[in-house]
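Okay, structure first, notes after.
All chains are identified by letter, namely A, B and C, in their written order; residue positions are counted from 1 within each chain.
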Amino acid sequence: MTDDGKQRKSGLTAFLDLCRETLELGGKTLDFLSTAMRQMQAPRRPPEPLAKSGRSEDRELETEAQIQRRERIGTGLVICFFLLAVLGGIGFLIAYWSGRNNTQVLGGSLALFLCGMGITLVLWARLLVVQKEAVEQRHPLQSSPLAQKVAAKAFCDGAHDIRRRRLLAWMGVGGAGLFGAMVLSLLRSLGMSPDKSLYSRIWKGGQRLVTSDGKPLSLSSLETGSMVTVFPEDQIGAERAQTILVRVKEHLLQLPSERAGWAPSGYVAYSRVCTHAGCPVGEFEAEQSILLCPCHQSTFDVLRAAAPTGGPAARPLPQLPLYADADGTLRAGGGFTAPPGPGFWGIS
Amino acid sequence: MITEKIARQASEAIDSRLRAAKFIRTALNHVFPDHWSFMLGEIALYSFMILVVTGTYLALFFHASSAKVIYNGSYHALDGQKVSVAYRSVLNICFDVPAGLLVRQMHHWAALIFLWAILAHMARIFLTAAYRKPREMNWLIGLTLLVLALVNGFFGYSMLDDLLSGTGLRIGYAILISIPLVGPWLAFLFMGGTVPNPATLPRMFALHIFLVPGLITALLGLHLFMIWRQLHTNYPGPKRTNRTIVGSRLWPAYTGKSIGLLLLVFGVIAGLGAFFQIDPVWTYGPYDPASTMAGAQPDWYLGWVEGALRLFPGVNLRLGHWLIPEIFFPAVLMPSLLFLFLYSWPFTEKLFSKDTGDQNVLRLPYEQPFLTAGGAGLFIFLLVLLVSGGDDFLALAVGGSVVEIRTILRIVVLIAPPCAAVLTYFICVRVMRRKALRTRMTSPEASAEAAAPDEMALEPRPPVDVHELTPGGE
Amino acid sequence: MPCKEGTIKIYLSASQPCSTPCIQANVGNNMAENKARARCRFILGCAMACLALWVLCWPASGQTPEPNAKPDGGAIFAQRCAACHGDRGQGIAAAVTIAGPSLQAEHDLGMVMTAVESGPSHMPVFSRVLKSAQIQAVARYVTTDLAVIPLAHGNIGEGGKTFRMYCAACHRTAVRGGVLAFAGRNAPDLKNKSAALIAGTIRWGPGTMPKFPSSVLSDEQLASTVDYVRFVQHPPNPGGNPLKQVGPVSEGGVGAIAVLFLIGITGWIERGGKG
């Protein structure tokens, strides 16, 4: 027991040591970086005035010869980059007016022009402009008490000249309120009331299931493990009406008892609009008999009434009751079990 | 000198009409601190300029209508297909309008870079505590600009009526309708009914090219005006106190550098537009209600919401007859809480800090371990969500199952942020201690000097004369 | 001869105990169970493929039929090919990959002969086992008797529409493959697949892919879809580098790199600045 405790303790100290070392290492790295940054940023103060580098930060320490050299080099560089920019500009004009409309040539020459000009200007500002550090006093933002008092007095004096102020205030409030109501009521033209279409269950009993080409489907249309997107006859191509018809092995189905007759010969149909974010649930994985939404990877179990089995969806896909008529044509036995589409406040 | 003569004549001409000499002098002498991190916001500003310029060009050729037509254009793989007018006009821009594809790609790349730059700028402001008095209002405006940029990016992405943007629109609708009580009304108000709806595209177009950019421009003007009025902050250092500003003047050094950066941002975006294909709508195909695609992601700036959508488990809340759908929590609640936190942060921080008066000298990240640790945790949280937004490609790349990878990511998103925060905290504390030690060792005066700015901030303000009330300063 | 047939029978019966639980595994829909089954299936599949390879490459000297008889393509197919490709050439899916793809759209005699002689991917090489006359006979049998799926020229536009309705949900619009729900079962990249293979696979539905019989996709629609896939295998990329056709994910990454580059530029512009 004591042995065990000792071991654990030593393990703990080892762990703490490790943590400490890691922290130390992190601190050291940061220190090193910050010193490096400082050295890069701060003007170098060489120990002897003689050992000067020709860098632009050290303006105050430059000799006349160095200044002349920097300006000569700077002028050369500036001219080079300007010429490059000119090349880009001419290239763009030729590329555009030749009518070839090649994005790479057009954009490349434009980028060459812009970058060339940009580098020219920056080089100019860094090498050919005398660098002076300016120090200015900030003026306090707050005005003096006197100035504040003067402004307040100006307002109050003006207000004193207004007669019947209360009436004016009431009129102002009333007018603004009325105007607001007028403007807000214009919003009504933007949309209809959401009640009607949101709660629709889309299908009517007896409607045939048709493909996007309008072909009706019968019991012999699908093999086990195949699927097709179907619509009600009167709403082909409508977003909320899209329905996925899948055929699975009949004996594997585990629909709730009240939906037992809804799957003739293993045909089941569900709304194809995901209950999570409204994407079409277009992926059918035949081996596992699951439907997968390609947007957020919610999975629905085809065999168990499209119950959500994974991913972010919480509600099952609404099911469409099916039946086959005398000549085997598939028809809807009624509307979806719930309004299709993503959830909202009053959906249930 | 001829330049001086022209300058004198021009200034005389302007001044005699506007009395602008004083303002021009102040403006040219305006001091900008020299540090790369002050230029992150400029990258965002310049990408926005490109967005406006390229967007105007594109708007001349784009038709926001979802009316159906038969396509017979330059992209033969869609010959004879029923597509919307909007989609056809986009294909027309890509294949027929001279330089159309270049401008479209530049527009899209500029949007991605705009948002990355905003994020980098915001991270700098947050980590150096630049949002403190007197700059709280500008933090709020900046955040609002971020929200507007996100929203406008989504509109632009969803407007083209290709299969990818149609998928995005469906998800946007699902998110909107999931809001308790008002969701359906909001969704119908904005989209004009359930998706797809002929009213949606023209509405998004109007918002995308007119209302939101207008708001962004106005707020951007305000943002810049406030920076101008309040002056920039300075990093701590010699001569930098709460009462001074150190840097280079607008004219000529800063002008050269800034316009140079503008051209370079333009150039990099032009290069991206030329050599990296973005959003190939012709490969995605036209939007059709029964069509769907795997690998549909939003643009990166909404990738964290997409990641949250994927990671959040399938749990919804039933309140008797009513339902709060599972999508509400990750897509509405989480971002709302995040932005609520960010909006209130400058004011929340005041409750804990002892700062008084204006704060014009920045804090370095390691000097405020709690804040930096929180920022690191938040960053890692959003980064894990962003990665989760593309977890299907992660699964494809490593050859694993998306289900397993998602389980791992669900654990990581909960564990990694606190770990990152704790680690950052200890590193900061360590660096701070080491710095303090070094300062004490090198010079006793230095530590006294370091404390100086705070003392100066506490000094009583000198009286200010009424002239200062006129805009443009002295 | 009898020895040979015997071995094939052993092979077929050996595959029996594997395939039955596999089918039952699909019922359970239990993920862990499925994964275990998939692993078992993978091992068994590998064993099976090795066995098949061994059987089919067995030197057939001394057992060849009389030299002067005209080779019967059907018999050779039944003997050598049906084990993997099915007795009607409809294809067999085994283990985690396709053991023998459907041959029902193979109309090109030359292609079939080349395949038999050279053995593409994991198909055994038959050039030493079969004589050229026999190879020709079996290829003729495949292209005339088994290839029942017509592959006329379709309409690429229509094919695209069908592809986006039924195929893009797994294979993505750029036919570069996508994820499915379970391990090792990602929808494959179609970039290098031949027209015959694509057409055969659509009808046949190997593994977890659903079947698309002619009542769902007519022959014209099938041909159109195949044409579209063949087109998108090499889509036009007028905008430059397609970034692996991954879409917003890779675009966001490139955007991030570009911004880091721009930040580097600001570092260069403000080099030495202390803020």
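To be clear about the criterion, contacts are C-beta pairs under 8 Å (C-beta built on N, C-alpha and C of every residue); 3 or more make two chains touch, one makes a residue touch a chain.
None of the values given here were measured: they were computed from a predicted structure.
> Which chain, with its centre taken as the mean C-alpha position, is closest to the global C-alpha centre?
Minimum centroid-to-centroid distance belongs to A.
> Can you pull out the chain pair that has more C-beta pairs in contact than any other?
A-B
> As a quick test, compute the distance in whole Å between the mean CA positions of chain B and chain C.
Taking the mean C-alpha position of each chain, the two centres sit 45 Å apart.
> Averaging over Cα atoms per chain, report the distance between chain A and chain B in Å.
Centre separation, chain A to chain B: 12 Å.
> Just give me the whole-number Å value for how far the CA centre of chain A lies from that of chain C.
Computed value for the inter-centroid distance: 35 Å.
> Could you say which residues in chain A touch two or more other chains, in rising order?
103-104, 107, 122, 125-126, 212, 229, 280, 282-283, 294, 297, 310
> Mind pulling the chain B residues that touch 2 or more other chains?
Those would be 101, 105, 247, 257, 260-261, 264, 268, 274-275, 288, 290-296, 392, 402-403.
> By the touch rule stated above, which residues of chain C touch at least two different other chains?
31, 165, 168-170, 178-182, 185, 238-240, 269, 272-274
> In the complex formed with chain C, which residues of chain A make contact?
Answer in residue numbers: 40-43, 55-57, 103-104, 107, 122, 125-126, 211-212, 217, 220-223, 225-229, 252, 280, 282-290, 292, 294, 297, 299, 301, 303, 309-310.
> Taking the touch rule as given, give the residues of chain B at its contact with chain C in the complex, in rising order.
Residues 33-40, 42-43, 71, 75-81, 94-95, 101, 105, 108-109, 112-113, 116-117, 120, 163-164, 234-235, 237, 247, 257, 260-261, 264-265, 268-269, 272, 274-280, 282-285, 288, 290-301, 303, 362, 386, 389-390, 392-393, 395-396, 399-404 of chain B touch chain C in their complex.
> Enumerate the contact residues on chain A facing chain B in the complex.
23-24, 26-27, 30-31, 34, 96, 99, 101, 103-104, 106-108, 110-122, 124-126, 129, 131-144, 146-147, 150-151, 187, 190-194, 197-198, 212, 229, 237-240, 242, 272, 276-283, 294-298, 308, 310-315, 341-348
> Could you pull out which chain C residues touch chain A in their complex?
Those in contact with chain A are residues 26-27, 29, 31, 34, 165-166, 168-170, 178-182, 185, 205, 207-213, 215-216, 238-240, 268-269, 271-274.
> Where on chain C is chain B touching in the complex?
For this pair, the touching residues of chain C are 31, 35, 155-158, 160-161, 164-165, 168-174, 177-187, 228, 231-232, 235-243, 245-249, 251-256, 258-259, 261-263, 265-267, 269-270, 272-275.
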